[in-house]
């Protein structure tokens, strides 16, 4: 976020903004580290609360911890709003909604009882970890992965579509073959089994017992085994291509892209390649 | 499908043809969307029908829905025949047979009883989804995948052949080692187990109990773990190669293929590369 | 096998040789097809024999079939010896031993009783399928895969070595954590479990029950999930490299290898590349 | 380790050093082989000791074997110290600590009883195998893999981080959906199940029984099935890039890197590439 954007804010707001949203200053760095720890600890608290033995013994302690974190995150939420150059935009941003959602359950717990099931929603706080990571150089890797997946979305959709049709049809066949026995009590159940099988998860809670069913299952496994190669190929190709494109030089004279990296002159118009064009 | 092909049809036929087979016109687009929804809903209906609890309660409603969809698809089927420039060719095309097959079971249900097992055949309607997708730009991805798999078919067949021989031989060995106990009651069963294991599905319905069996099983798993890399490598290589071939320029003068993309002149005959040759 | 090698054989031997070892002549092709079917059927027979229900009902028929195939393969074996230009070499070749081994059990069955366990050895006949495939163009794919795996053997050995050490150490840890309970009754068993887990097979016959065990197991799974990528990367890289090397042109003047395919002149010495050097 | 480093040692020390640390001399080679066998056998002994049946019968023999190996490894440890040019450095090196750690349990067994659980620590001796491998040409492969994994660490961390957040959130959802039944007794347990599922291990000790749970599980499997492609793509890309970088030539005049292998002249400054710059 550039400086001029926040220039209309008063000094103390800019200070807070620098600490909460920024990451160049020592304060900003420190804040991020603390926030990261706080998030992870509060999520840990949510988990422990769900373990019957632990909840029974440390009910009070956990409640206290929960309230401390809720208080801290509430403060942070308010600070973000007042220090943000565009408060409304922040509140309705994805991250803003996450921030709010992770606070509600605790406050709701005061008025309504038995919101335990609801309280686990707080574990979506985990998503906020990404905001902190966003400020780091890890994001480079993330963006590369993201763009690789994005540019191969068509292939992936086609692939998943084919897989889904396959599991539906094979699930239907298994339902016919096993005759509603051995756990194949309905087509949806059989489809569930097909997915468990083609993804090579294989719980074994449902498994064919007739020789016909086992033969079809074997076929499905071999297929699943073979086509796992397809998404891998797609993504690998995209990542490699992304790599090459990133490393490629661009000619600012004739606009040719994808020139071999380290080349000094454009192989089309012969104009020199500025190093700034090269990664 | 080009215009001239349908020119011998009367106007109203061309209109229907445009809507059913085409996808450029608003009508064609709308029709595809409705068809897609109808197919998915009718398949959903087939699934729900197979769930005992639901079938018991909503037997009548489901029957009604089934008849509505069967009626709609019958209309579509007839419309396709009369609006097709080559009706016979359509009827005996793969898609034409699928269209018909997915209608028969319902009509058959009138005359013959207990065709419930048969009625699930209607879920092959799902295959018709692909026809609609065929009209979309997703098909580009599909073709790329298809050609990648096709051009690596020899390697894949060799790979699967080796895997099959491996599972037969190891299945036989396990049958000997486990002595027909712990579920290894016959060689086919043992082979089934081998496939379940080498594909890393691992139901656990059959599992070795003797230390010899477990040792051999471990070996099989490590092998399966290592050779899963092979199909992946094959397909990845093909996808990358396909990518390069697509991006490659072709010289229309000397016919050289696989020229580096963005090259201005053929590196063989020096004639200029038209941009039309470049993707 | 070249003509001159067999020239010292009498005409009828050459004829047999052509049919059995060759695959250019119609006779040779026909023989291979029949042999392939015979092998697959005889292996099928071995399998069926191992199924108690089937063996009980069709004991006699299966015995007859077994003897027919044994007789046929014996004939073939003798024919191979007499028609081979170097009989001794054939007999002690890998394929020759396989041929013999797959015959012995049946003959042994006459003199000794209860060789049922032994009789399943006949299923190694399956390996003979490869000889027939060897004559086909599938072998191209096989060789490519073979060379890819061979040239990456060092990396694969390092990888498997690391995996084995990992499973031993984690197996030992699990044995300590689970305290010999929940199926982790000994270190070898725990190692077996580690392999079942890291290869993502996951039978579930042994599974951690303590939270410490489950945490370590989770770590092991994530590791296994991440490092499955390594062999894939290795093999893919080798396949792609092999591809490039195959497609690369070679300069016969200065001996430079790995020239870009379709290049007309050597980029080192400028001498023209003969098309014969290009695949 | 270069000669001059050990020159300050007396002759007999150098002799020992050559045998223990070196691998050029016949003595060094022989020592490595023996050490490798000794390590593997001693680890085998640790394993067998953990098998109740075997330990009960061969308790005495195993103890003897343990003491023999402990004695041998103690000798080796001392020899390493006295023959090392920098004893202190060796003792506190990773390998030195491993050497010591694998000795302690046996000696400790004399004074303290019931150190059986502790004694399994000796299996970390296995790590010492790597030292021997370090001396071999296998290390080339290892380094390539290592550097590939290292240079893709950012992407891998991002990937694992995303996976971990995913399993936590889906684990929480499953805990809500299955309502603490069917093994989903707490969020940690549900997360454990998510990991078991997304890594396609699928023990089946915990499996969803409600249709909502099974639907979410199916989604998780498909996701896990799709994103397994990501690490593979990352590592493959790195391995291929590493390959290219290794094969690439470097210009010592202008310092340009990544020149196509086998090129005679730098494509930037036109100065000749020495073959020494090429792998």
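To keep things simple, chains are lettered A, B, C and D as they appear, and every chain counts its residues starting from 1.
Note that in this section a residue touches a chain if its C-beta (ideal position, glycine included) is under 8 Å from a C-beta of that chain, and two chains touch if they have at least 3 such contacts.
Chain-to-protein mapping (UniProt): A, B, C, D = Ion transporter.
Note that the coordinates shown come from a computational prediction; the quantities given were computed from them, not determined experimentally.
A repeat of the B-C interface exists among B-D, A-C or C-D; more than half of the contact pairs are identical by residue number at C-D.
A turn of 90° superposes the CA atoms of subunit A on those of subunit B, with the angle given to the nearest 5. Subunit A and subunit D touch with mostly distinct residues; of the residue numbers seen at this interface, under half occur in both copies.
Rounded to a whole number, the gap between the C-alpha centres of subunit A and subunit D is 29 angstrom. With centres set at the average Cα position, the gap from subunit B to subunit D is 41 Å.
In subunit B, the positions touching at least two other chains are 188, 191, 200-204, 228, 232, 234, 236-237, 240. Of all the residues in subunit B, the ones that touch subunit C in their complex are 154-155, 157-159, 161, 165, 168-169, 172, 175-176, 179, 185-188, 191, 197, 200-204, 207, 211, 214-215, 217-218, 221-222, 224-226, 228-230, 232-234, 236-237, 240-241, 256-259, 267-268. Touching subunit D in their complex are the following residues of subunit B: 200-204, 232, 236.
Subunit D makes touch with subunit C in their complex at residues 43, 46-47, 50-52, 117, 120, 123-124, 126-127, 129-130, 133, 137-138, 140-142, 144-145, 148-149, 156, 159-160, 163, 188-189, 191-192, 195-196, 198-205, 228, 231-232, 234-240, 243, 261-264.
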